[in-house]
Structure formats: structure tokens, C-alpha cells
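One chain, chain A, links the two complexes that follow: it is found with chain B in the first and with chain C in the second.
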Partner chain A sequence: MSELHGLQHQIGRLLEVGRPRDARALVGKALALDPADPDTLCLAGRVELAQEQRGEAERRAHEALARAPGHDGARSLLFDVLLADKRHADAEEVVLERLRDDPADPDALADYAQLLVQVFQLDKARALVAEALRRAPDHPSAQVLDAVLHVIRGDDLAAADRLARLVAADPEAAHVAWTAMLVLGERGHHRQALEIGRQLLRRSPDDRELVDAVIEQRLASHWSMIPLWPLLRGGWVASAILWAVAVFGLILLRPFVSELALLGFAVLYLALMLYSYVGPPLLRRWLRWRGF
Partner chain B sequence: MRGGLVMDPQLLQSSIRRSSVTAIYSLRAAFYTAFFGGPFAAILIHRRNAELLGRLDRDRGVHIAALVLALAFYVAGAYVAVHPEVLAGLPPELKPAQFVRYTSRLVALLIWAGLYFRMRDEYRAARLQDAHLPGWREGLMWVLVGGVASVATVMALAVIFKAL
Partner chain C sequence: MTRSRPELERALAEDPFDLVTRKEYARALEDHGEAAAALRQWELICRQQPDSAAGFLGAMRCHHALGAPEQAAACLREAEAKQDFSPETKPARPAPALQVLAGGGDVRPAEVLQLRPSAVRFDDVIGHAALKKILEVRIIAPFVRPGLFARFGKRAGGGVLLYGPPGCGKTLIARAIASECRASFLAVGISEILDMWLGRSERNLAAVFDRAREQRPAVLFFDELDALAFSRSKAHTDHTRTLVNEFLNQLDGVAHDNQGVLILAATNMPWDVDPAMKRPGRFDRQVFVPPPDDVARAEMFRVKLADAPTGTIDFMRVARATPHCSGADVDGVIEAAKERVLTEILGGGPERPIAESDLLAAAKDLQPSTLEWLRTARNLVKYAGDGSYRDVEDYLKSARLL
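The block that comes next holds the complex of A and B.
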């Protein structure tokens, strides 16, 4: 393996394990060896994207495409930059160009599906994911998206089934752990989701999105949230049902129970509602301050 | 094509516009709008989300059904306003106006829940992606518009019932 290829391999591995700062040092060396190599330019762009330098990452992508039109890695990088920037129409143009060259490319199909989920075109996203999985049943991104789309549909069993297949294929992969955390959280298994989240956090302690997700799982599994379990589990529909039961229950029970009992029931309901407003935000702040 | 599989060519047609939305009003915003604004406000906020998602045509029937339910409630409410003896069976502590207010809220929440189930996938997708528009200003506007429209409708119907 040439020195350049060796460096490219190392940069790729460092990006995979979430060490873009270390990868950046090697990028400089790789670019010194060949500043025009499209693969190196793409890796440099990936490092910049990982460090939220989207402008630079986009410039690298265009530079790579100028040197190697149709370079798959460059188009993929450009797509990711546009997606991160929420320039969805432009991202669609890039991914459709990839699919025009190869309509059977499962990476491009999965990327397009991911884009469509962000603009709420869920039916088309499902069709694309199904297509990607038909062509590549073990495609990791397509499988993750499939699980996410099942969660969106509320089909927890199918999401859990997809998760089980992901875990069987690659139990150590970060994307599998993320999906597991999502699916388990949605199914109400917050302690398991929390444990997985903590393991992910050890690998990526600076990931803010991950920190927020783990805090939410810690909150949902905290003993002080037990009284709010129906509301946390059932969401706003549970809140509406609880209101209706409380108000109309009080009206219907009035002829049958004492004033004291009715007062107690009303106070209990109001206390629960007040706690549901005040408790979670306070606990969230406390968890951020104290750790979890 | 690879493997001889045939893909629907529509899947590879562009479908994202510059105006495609990436966020909608949250279910929480819709809940509070319905709770405080009444049945009309519940319809308005869900309808706005349907508009943002480009599915007004698809949901027209459901919105009309919700409007019919809201109007049926207002007709009943106006009738009770003109003929309060209809609620004579209520406990003496519960005034007819109070009962109508609670029922208005119940109807609003039923409409809210029904329209939520219609767009449940989109609301879930928005929650998972934390893709929500700031809603308090618009929610307040719909609460006011819905409230004013409700009162005006009931008053107009009450005038009609009195005249009959």
C-alpha cells in the first residue's frame, strides 16, 4: 500500500471512531503528498464536515468533482453537506444525479430516503428504503431508516424486529446502538435505552445531540417521574383523556361522593398537572448539572 | 437494471421544492390551541399543518367532517343558551354555562385528537427530528380567532333560535 493510501485508510478509520481532530493532522500530510487526489479531498471534506465547517467541506467536494466529475465520494460528501445545511432541494438534485447514473445504488437510495424523511415525504421514503433493502438486504443505513420509519408509523414490533437483525449483523456498530436507543426508548424501555446511550457517550462525549437523547432517557427512567408515567408514555392524547376523565368524572361523581372526596380528587389532579409542567424541566436541568 | 428488478420510475422524480417544509407546529402547540381556543381553533391549527405539508386536498374531507362536528356543537350550545331548562338535570352547583364550556373543550379535544390521528406519522416524524416551528404567537392568534368565531357563531345561532 502506498504512503498516500495508508494515510487515507488511517483518516477513514479515525473518522469512523469519531476522532476528526486526529484525522485532521493526517489530512495535512495526505494533501502534501498529492493535493489534487479526489479521495484525499473527500476525506478532508469529511473531516471538515465532522467539525461543522460546512463551507470548507462543500468547497472540497466541488474541488474533487472538478478534478473527477461524477466521483461518487465527492457527490456523497456534497449531499451530506447540503443535508446538514438543510438545503434540501439542492441535496435532492445531487442524489438524483447519482441515481440517474446508477438507479440501483443502495447508498443513494438510502440517502434519498433520509432526505425525504426530513421534508415529511414519508410514503416515498418508505418506498425508497424498501427498494434499497431489496437490492442490498444488509445495507446498514437502509436498515436503520427502516427501523426509524417503523417507529414513525408506530409499528414498534416491526422496528424491534429490524433492530434485532441489525444487532445480529453488527452488535458493536454505533449506528446500531443509536437505533437501539431510539427503538427501546419509543417502546418504553428507558433503562435499557439509557445504558446503550451511556456506552455511546463514552465514545462520543462531545456529541450534543447524544447528550440530549441520553438525558431524555435518564429523565424518563427516573423514579421521580413514576407519577407521570401515563403522560410520558401516552403523550398529549393521554393528557387530553386525563383532563376529560377528571372534569367529567367530577361532574358525574358529585351526587355519589362527599365534598371532601371530590376536593381531594380535584387537588390530586391539579397537583399532577402542576408537577407535569414543573417536574421534567427541573429534573432536566438537575441532570445536566449533576450528570447522569 | 441490476438483478432484473423494476423500480417505480416515479421514485426517481424530483419532489422537493425550495418551499418544502422541514418543520410543522408541534402537537403540544395544537393541544393548547385546541384547549384554550375551542373547536374552531383546533381545526385551524391542524389545517395550517396540513397546508405546510401540502396535503390540504387529501385532508379536505376530514376537515369538513371536523367543521360539521364543531357546528353541531355550536348549534346545541346556542339552543341551550336560549332554552337553559334543557340542562335542568345538572347538579345545582354546576351552572349551564360552565357545563357548555367544559363540553366545548371536550369537543375541541376530540377534534384535535381525530385530526392528530389523521397526520400521526408526520407528527411523530417531527417529534423524532425535533422539527417544530415556534408556535406560541400563531397559537395565540388561532385561540383568539377561534374564540371570536365561536362566540359569534353561537350568538348568531341564538338569535335565530330566539326568532323561531
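The block that comes next holds the complex of A and C.
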């Protein structure tokens, strides 16, 4: 291994352990050895991206591509930068170029699917994930996306099946735990999902999205949400059904029960509706403020 | 185990970039009085590891031995500019002191080094009174009086993890622990361990542990433990996992005896440290180092402004205006206040000392660097239900951040 390769290895390692500043010092050394090396330029871009310097990261990616057109690492870096910047059209162009060069590249297929999930092109994303998994059945990002897409589709059983495969492959990986939390939450196992979320939070307490997700799971598993279980589980469909049942139920019951009982049912129903609007946001605020 | 010179030479011939071996070789040459040869080795180390003070300090000693005080002073200046420089690694009075004491008969260089006038004591650490008491009972006393603790079935040594927001004195406390334990202090940063060559990081780590065992009683201090023992479940590569495995192997002492070696570590991100590192027998004692309280901050302002021209200052009031500030933040406030006064003087104003209002104005502009850490820790306490952060929880409650 040459000194340059050694430095590149060290930079990658420092990035992995969250030391982009230390990595930056080594990038300088590596660039001094070979300023035109595309791998080093990519790593320089990764260092910038880790420090939220997306403009500089993009510049490094273009620099690497200028030296080595079609460089996988550089295109992947550019895609990540554009996706982080939410420049979806530009990101699509980059990933399409990768697919033109190699239509069977599972990484590119999974990246494209990820982009399409972000812009809610779910059918296309599903097709791409299926293709990625056909090419590489153990591809971790494709497996996660597959599970997520099944959750979005409401196919809990298929999602649980994908999750089982992920857990078998790497039970300790954070992305697997994330997926597990999502799938369990979707299947209504909020307590289990909450426990996984809390375990994840112990490892990444600075992840705001995770904090929000854990609060949501706690909310869904809170005893005060039991009366709203059908609404929380079924969403707007359950609300609509409940409305219809209540209105038609009251009309149909009218000849058989007293006015007072009907009034009682109506008040109960309206109280439930009111609680469904007011209860969860209030509880969410309470949980966020008080903790659990 | 100390290697002989031919062994070291063979090892260096096989791998000329092995810095640990080269340092050992340079020290061996020094011990044999071959200062010129040792100097060549130290200069080579300086070139291979320009961001470390060790090489320059070695070169300084050799220059002293060769009667070149100017070059020695230049090397010392270089060493002092490095991040890993510690005043304790600087010989107290290198060559001249020995010459003065030479007539005394039985004074050996090691004894001169052991005096270490610049060593940090617990008294030098401002604030943290409760923490110091805990450390004295739980860590220092078992180390200094092993016999007493052995009768109660407690062993000296083991691992202690200091964690807390940045700039709050974890490293200083570690140095003070070493001084109070009257033990050798080996400070290890990530640059000493992580190496660009495959397998070398693990070897560096093993060498550091070996050196600590040779010098027992010793305190081995790992700064930024999260980088060296990064959680394996978050790691993407095998290299990180291999290093953690080696670390666990060294800590477990299955093949090694760590008795008499106190292993200290500091981290700002305890949640990034591999959970296996925190199990019994490893870093099972985790101590939270909080930001200094009002009284400690007032004392810091008083001490740090002692040599500067100041008017009448109510230090307690300034301290109350800087809640959650770390020691490093206090330095920042003082620097900003000085800058403010100097700008005024250079702008044609009358020369005046630093006033309380300057410090208060500087404090107003400052965002405590500990807040981000405390907010992150709050997530752990509030939502993650992690019982291992009870000290943090108590601090957050007392600081009304929870």
C-alpha cells in the first residue's frame, strides 16, 4: 500500500468516527502527494459534506469528475450532495448517467429509488428496488427501501418479511433498527417500536428526526390514546367510517331509543371527535416538554 | 517488554515507518549516551510525525546533551506549539539541573523528573469540588493505598471514563488524577493510535498498553475515546471493529496484567463509545464532568484576570451572567473583554483597565459552547430512558434545563 493509499484509508476512518476536522488535515497531506488523484478529491468532498459545506463538496466532486469522467465515487458523492440540497432534478440526471453506463448497477438503482421515494414517485421506486434486489438480493439499502415501500403501501406482512431478512443479515445495524421501528409502528406494535426507538436514541441522541419518531411512538402507545385507537390505526379512512357509522347509526336508532339516550350518544361521539382533534397535539407537546 | 538494540534495529529495517519502534530506539540510544545518533532518530520522527511534540522533545534533550542550548530551545518552542504538548513531558530542568545536583551523589535523573513542578494537582483544578471528592475516594485512594482497599476486596486500577461537554476540564482532571496517584502519566490522543497503515493502529494501541504496564504504577489516559472505541454497530468498516476488539482485549487483561495501571479516558460523546467498553472490568466507572458552577466560574475569572489590569469587578456577578459556560468559554469572554478595551484605547480613548461592564458585554455576546452538548444529553435523559446518565439528569435539573 502506498503512502497515498494509507492516507486515504486514514481519512475514511476518521470520517467514519466523526472526525471530519482531523480528516481535513490529512486531505491536505494527501493532495500534496497527488493533487489530481480522483479518490482523494472524492474524500475531500466527503469531508466537506460531513461539515455541511455542500458547495465545496460539489466543487470537489466536479473536480474529481473532470480528472476521471465516470468515476463512481465522484458521481456517488455528487448525487449525495444534490440530494442533500434537495436538487432532485440534478440528482436524477447524475443517477441516470450512472444507469446509462451500467443499467444493472444495484447501487445506482437503489440510489434512484431513494430519490423517487423522496419525490413520492412510489410506483417507479418500487420497480427500481425490485430490479436492484433482483441484481443483488442482499443489497442493504435496497432491502431497507423495500421494507419502507411496503410500509407506505400498507402491506405490513411483506414489510415484516423484509425486516426479518434485514435483521438476520445484520441485527445490530442502525438502519435495520430504524426499519424495525417503522415496520412495528405501522403494524400497531407501538410499545416494541418505542423500545427500539429508545435504543437507537441512546446511540444517536443528536438525531432530531429520531427524537420526533420516538415521541410519536410514545404518543401512540400512551394509555390516553386508547379511545382513539381506530382513528390512529386507520387514519382518515377510519375517521370517515366513524362519521358515517355515527350519523347513520343515530338515524337508524332513533325509532328504538329515547331522545335522551340519543343525545347521550351524540354528545359522546362529538366528545370523541373533539378529543381526537385536541388530544394528540396536546399530549405530544406534553411528552416533548416533560419527557418519558 | 523492552527490546534490545539489535532487535529494534532489525524491526526498523523491516519497517522504517514504525514510529513506536523508532521512538523506542531513539530512547535506547539516549540511554546509552549516544546523543548524536539519537538526535538523528528524533529528527526523523519529527519529519514523519510533524504534528506531535514527542519528536521535538526528544531532539531537545539530545541538543542539550550535545551542548547546543539554542537548538534545544528552538525544539522546545516547536514542541510547545503542538497540540499534544503537555508541560509534564518537558523535563523540569534538563541538563543544567543535573549538573548542579551532580555533586549531591545519589540524585538520579529519574528523581529529578519525578519532581515535576509543573504537574497539575487537584487544587489547581478550579471548582468541581464534589467531583474531586468522588474521584479521591473511588479512584485515587484505592490506587495510593492498595493494601487498605485489598483488605476490603477492592483492587486498584481498572478503567474510568470521564465524559461531559467540551472545554470543562476533563483532560485537566485526568492529569490531576495522575499527579495525585503519584503515577507515571501517559496521555494518548487519536493521532498516536490511528495509523494509515493497515494493522498498525492495533499495534500502536498494544504498544501503549505495554509501556504503561512497564511503568506501573501508571495512569494511561485516552483522550477522545469515542474515536478509538467507536461503536461497532455504527461502524461501516472492519478496521474500526478490529481496533475496538484490540482495545477490549487489552482492557480485559486476559493475556496481560493491568494491576497498577489506572486507565482513564475522556470523551465528549459517550454515546458513540462502543457499549462493550462500558461493561464491568473495562470503563465501568463513568464520571460526568459538568460545566463549572457559578462559584467556580467566579474563581476562574479572578484567577485568569489576576495578571491583567482590572478595575473593581464583582466576579460573582460576572459568573452569574455566564451560565453554563465552560472554562474555555470563560477564556473567550476574557479575550473578548480585553479586545473591547484595546479597541477603545487604539481608537483614541483613554487607557483604562478592564471593567466589569466589559466582561458583562462580552458575556452577552457569547453562546455557551456547552449548550449543544447539554441539549443532546437532554434527549438521552428525557426520551431515551437511559439510566446510566443519572449525573447528567441531576445536573440538567439543577441547571433548570430539564
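Assume the second predicted complex is superposed on the first by the 236 of 292 C-alpha atoms of A that agree within 3 Å, B and C clash if a C-alpha of one lies under 4 Å from a C-alpha of the other, contacts with A are read in each partner's own complex, and residues count from 1 in each chain.
Please note the rule applied: contacts are C-beta pairs under 8 Å (C-beta built on N, C-alpha and C of every residue); 3 or more make two chains touch, one makes a residue touch a chain.
These figures come from a predicted structure and were not determined experimentally.
Undergrad: Comparing chain B against chain C, which has contacts with more of the residues in chain A?
TA: On the superposition, B touches more of the residues of chain A.
Undergrad: If you stack the two complexes on chain A, which partner ends up touching A:P103: first (chain B), second (chain C), both, or neither?
TA: first
Undergrad: So in the superposed three-chain picture, is A:G234 touching just chain B, just chain C, both, or none of them (first/second/both/neither)?
TA: neither
Undergrad: Check whether A:G28 is in contact with chain B, with chain C, with both or with neither, and answer first, second, both or neither.
TA: It touches nothing on chain B or chain C.
Undergrad: Quick check on the superposed pair: does A:R135 touch chain B, chain C, both, or neither? Answer first, second, both or neither.
TA: first
Undergrad: In the superposed arrangement, does A:G18 touch chain B (first), chain C (second), both or neither?
TA: The answer is second: A:G18 touches chain C but not chain B.
Undergrad: Pick one for A:V151: touches chain B only (first), chain C only (second), both, or neither.
TA: first
Undergrad: Under the stated touch criterion, which partner chain does A:V247 make contact with: chain B (first), chain C (second), both, or neither?
TA: In the superposition, A:V247 contacts chain B only.
Undergrad: Between chain B (first) and chain C (second), which, if any, makes contact with A:G55: first, second, both or neither?
TA: In the superposed model, A:G55 contacts neither chain B nor chain C.
Undergrad: Does chain B (first) or chain C (second) touch A:L122, or do both, or does neither?
TA: Only chain B is touched by A:L122; chain C is not.
Undergrad: Do chain B and chain C land on any of the same chain A residues, and which?
TA: Chain A residues touching both partners: none found.
Undergrad: Give every residue of chain B touching chain A within the complex, in rising order.
TA: The contact residues of chain B facing chain A are 1-3, 5, 7-8, 11-12, 14-18, 20-22, 24, 27-28, 31, 35, 53, 91, 93-94, 99, 102, 105-106, 109, 112-113, 116, 120-122, 124-126, 128-129, 131.
Undergrad: Under the definition above, what is the set of chain A residues touching chain B in their complex?
TA: Residues in contact with chain B: 86, 88-89, 92-93, 96, 99-100, 103-104, 115-122, 124, 127-128, 131, 134-135, 148, 151-154, 182, 235-237, 239-240, 243-244, 247-248, 251, 254-255.
Undergrad: Which chain A residues qualify as touching chain C in the complex?
TA: 1, 3, 6-7, 9-10, 12-14, 16-19, 22, 25-26, 172-174, 198, 201-206, 211, 214-215, 218, 290-292
Undergrad: Give every residue of chain C touching chain A within the complex, in rising order.
TA: 51, 190-191, 194-198, 224, 226-227, 230-237, 239-240, 269, 271-272, 376-377, 379-386, 402
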